[in-house]
Structures are given as C-alpha cells and as structure tokens.
C-alpha cells in the first residue's frame, strides 16, 4: 500500500486578506484527494453514494506550520489506515510541489453509513486495499 | 410591496488577498437575503423544497462599483418583480449599513420547478406578494 | 470568564448533496464566533490586523456527531484557555438553538504573530480576559 | 486568437442539497480559467499583482441552462474581447467534457487598476493577444 499523491493549485477565491490560503480550504482539498484516491483504486465516490453508501467525516484534525499562497501548487500525500469495518482514517501531508518542507499535516476519520444513518461495512474493494485487511 | 432589508457582516474567510470580499460571495449573500425575504412573508424555503418546489437560479448579473472588506456590515435591499407564473426576478442593491453609497447592484432570476425539473407554478403565497399579482 | 454564545443560520450554499452543512463550514463558523467574542470584549480583529497583529490558526480539530442542515440555527458556545503569551486555544460546542444535544465539538489554537511571521505577545486586552492571566 | 479550454472537476463541497454544483461556484471556476488563460499566454496573475496591477471584476453575468453535479468534468471555453485600454471582457461557455450541450454561459468584465484603485493600462502582453489590438 503506497501513498497517494494529489496536486491542487490554490485558487484566488481561496486566498484571504492575510495573503494565505484560508485554513478551511485544507479540508476541501483533503476531500478532493480522498475522492481521487478512491478513483485510483477503481471506485467512484459518486457511484458509492448512488448505491446508498455515504461516507461522512466524523473527525478532522489539521496542524498548520507554513502557509500556502494563491497560485501555489500544493501536493497532498495521503495514506490510509484501517480502523475497523465501518471507519477509515486518512493521514495527509501538505507540501509544495517539488519541495520536501511540510506545510501542514491533516487527519480525517470517515464512517460508512447508509441513508438511514446506520453504520455500514466499508465497501469490499475499499477494505481490500487497506494494510490491516485480511 | 416594500423592499426587504437584510444585513450580513463580511466573514474573514470571504476576504481575498486584494483585501476585498471576493466577488463570488455577493451571490451567496443575495441567496441568504432571498431566503430571509421568503421567511418575512411567511414562507420557509426549506419547507418549499420538502414539498417538492425547487427554485434554482437561472440567471444572475452583478455590477461591482465599490468593494466591501472583512468585518464590513453590508445591507442588501431586495425588491422583486413578477415575471410570470414560474419565474421571479429579484433586484438587490448593496450598501454599507448607514451609508447611501451603492457598492454593487445585482439581479437574480429564479424558476420554480419540480423534482423532475419541470416548471411549476410559483407557490400562491409568493405570487400574492408580487406587485403584478391580482 | 463565561462562555460566549454566537448563533448562525446554515446557508443554502453551505449544504452539500448529502443534505448536510459541509464539514468545512464548521471552521468558518468558529472563526466568525472568535471574531464576535473579540468584539464582545472590546476588540476588533480588523483593527488588530491593521496594527500589525495577525492571529493565524495553527491547529484545528473537530469531532462531528450529528449533522446540521440548511436553515438550521446553530449555536456556538466558545470558551478560551490561555496557552501562553503568544497562543490561545478556543473550545467550541455546536448545538441547535434551544436544544442541549451536542452536534459537534471543535478546538482551535491561534498564534499571535507580526507581519514578519514572528511570534508576538497577545494584545493585553485579550490576555486580561483569560482565566490563567494574573 | 483561439478560445482557451480549461477543465475542472466539481468538488463535493461545491454540491448543494439540490444535488447540483452551487451557482456561485461558476464564478470561481471562471476566475480559475482566466488565470490559466493568462498563464497560457505567458503571464502570471500572481506576478502582475506583485507588480501592482490588480484586476478586479467589475461585472459578471451568468445564464444557467443545465446543472452540473459532483464529480462532473466541466469544460470552460473562454474567449476574450478588447473593451479598451483598462478593461477586458471574457465570455465563457460551460459544457461537460466530451459533450456539445451548453450548460451555462458567463461573461465577466475586469478592470486593470493600481493599488490606489485608479485605472491602469492593461499590461502590454495581455493587450497584444487581444483581437482588436494593433
């Protein structure tokens, strides 16, 4: 299981008057990276929702060390760790493309639930990519 | 039929690196003002959607004259004009609270449609507040 | 030192296709609540920035238990704890107005820095409101 | 002078409870497309701002015909028309990638101004790409 890389470019609308990408946007980028990770292993999050599997975020935690600015190319390196049958935790490191310096680190826990809000088993294909899976 | 006043305060996250409220946020404020206008005449947009009446925006136009900044209190004065049974046009003037200078002017056209996307008659209560209604 | 209450109403633009307020918006609401808390103790964050005191967020953590929906009135109850001369931690509990059920809990750490990015002493007025201050 | 193509994918956070990309996000995408157009002709909007040339939006107009949904790949085809020495108008057509159907049409007017807010001549490189330029 290798880490997944996703690159975004900071939008003008995401900058704030401090001249930095607003801290709330890191969450939106992490979500985009998760969805691209899913696609890279053959899953469409859109299709999962259509099939009745929702994956709401139940916890998020981010440490900000260095800011990003408008037009910066941000590389998100995402790794996952199995937490159980209905939860997955993702860890993301934020860097500038082509630079090793860590700008931020994030962690997100998602749950698999049905339309009724009840916990569901993670889709098999997702589980099978996880390091701790049998 | 009098104009409806709604006041918002510019959020930090809405500022951009020019130091101004980003031009896309004016659309979000106009939407909030429309929903508060509906509430002021006794309608909940949430309930209308639950009842199957969606009101998507089909046209928007904004002229920006003077910027707003973080923490500014923006007064949106909204008036409506009947366009027909399934469309309503709203005009909004943006000012600073307590100041006559016009910072921006916006215009939004919404359509009433069902969940199937087909045009619907505007809810009676909405129509009856419109100047052109009988 | 009592907790600070701030109420926001979920905007339509903040809803997502799950029908919930998107998890990134909780961060924007917490920021609005912090700024209103500052105002309630006689400080304008806008003025602090003009005077050269920036307060970037260096950590954020949120646990989501129950979602909010469009048009919900969300009450943010915010308390602060001194961390030191140049850092303050805020804890926020998210509830529906008029209901004790906790929907989410958040924690934000901000740093006081100058335009050069160097740590600064928190403004005196802010420090004096903190429980651990002399 | 040919049209410029830019493709974005609708983010989950950009969806709303109607299941559509919120109408305010079209403005953010148009901005991203303009900045990529500038890059394609050898200009960095970030550098222009650093050099003191701001390009605020002074008018925007969008007609929405068909919605986009989360995960859709949206192709923005942007053309420009010279309006004068300190203003440029951009026209954008929104389609799904690989499909001719027009989902929306937008128009944005930007002005070149200095940090003092006074109109400035458009940067030479930008003007020289315009059809009406000598």
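Each chain gets a letter, A, B, C and D, in the order it is written, and its residues are counted from 1.
Heads up, the rule we're going with is that a contact is a pair of C-beta atoms (placed from the backbone, for glycine too) under 8 Å apart; a residue touches a chain by one contact, two chains touch by 3 or more.
Everything quoted here is computed from the prediction, not taken from an experiment.
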Relative to chain B, largest Cα-centroid distance belongs to chain A
More Cb-Cb contact pairs, comparing C-D against A-C, go to A-C
Whole-Å separation of chain centres (CA-atom averages), chain A against chain C = 23
Rounded to the nearest Å, the gap between Cα centres of chain B and chain C is 28
Here the gap between chain C and chain D, centre to centre from mean Cα coordinates and rounded to Å, is 34
Flagged in chain A as touching 2+ other chains are 12-13, 17, 24, 28, 31, 69-70
Complex contact set, residues of chain B against chain C = 11-13, 28, 31-32, 35, 44-46, 69-71
List of chain B residues in touch with chain D within their complex = 17-18, 20, 23-25, 27-28, 31, 49, 54, 56-65, 67
Parts of chain C lying in touch with chain D, wherever the complex brings them together = 12-13, 15-17, 19, 22, 24, 69-70
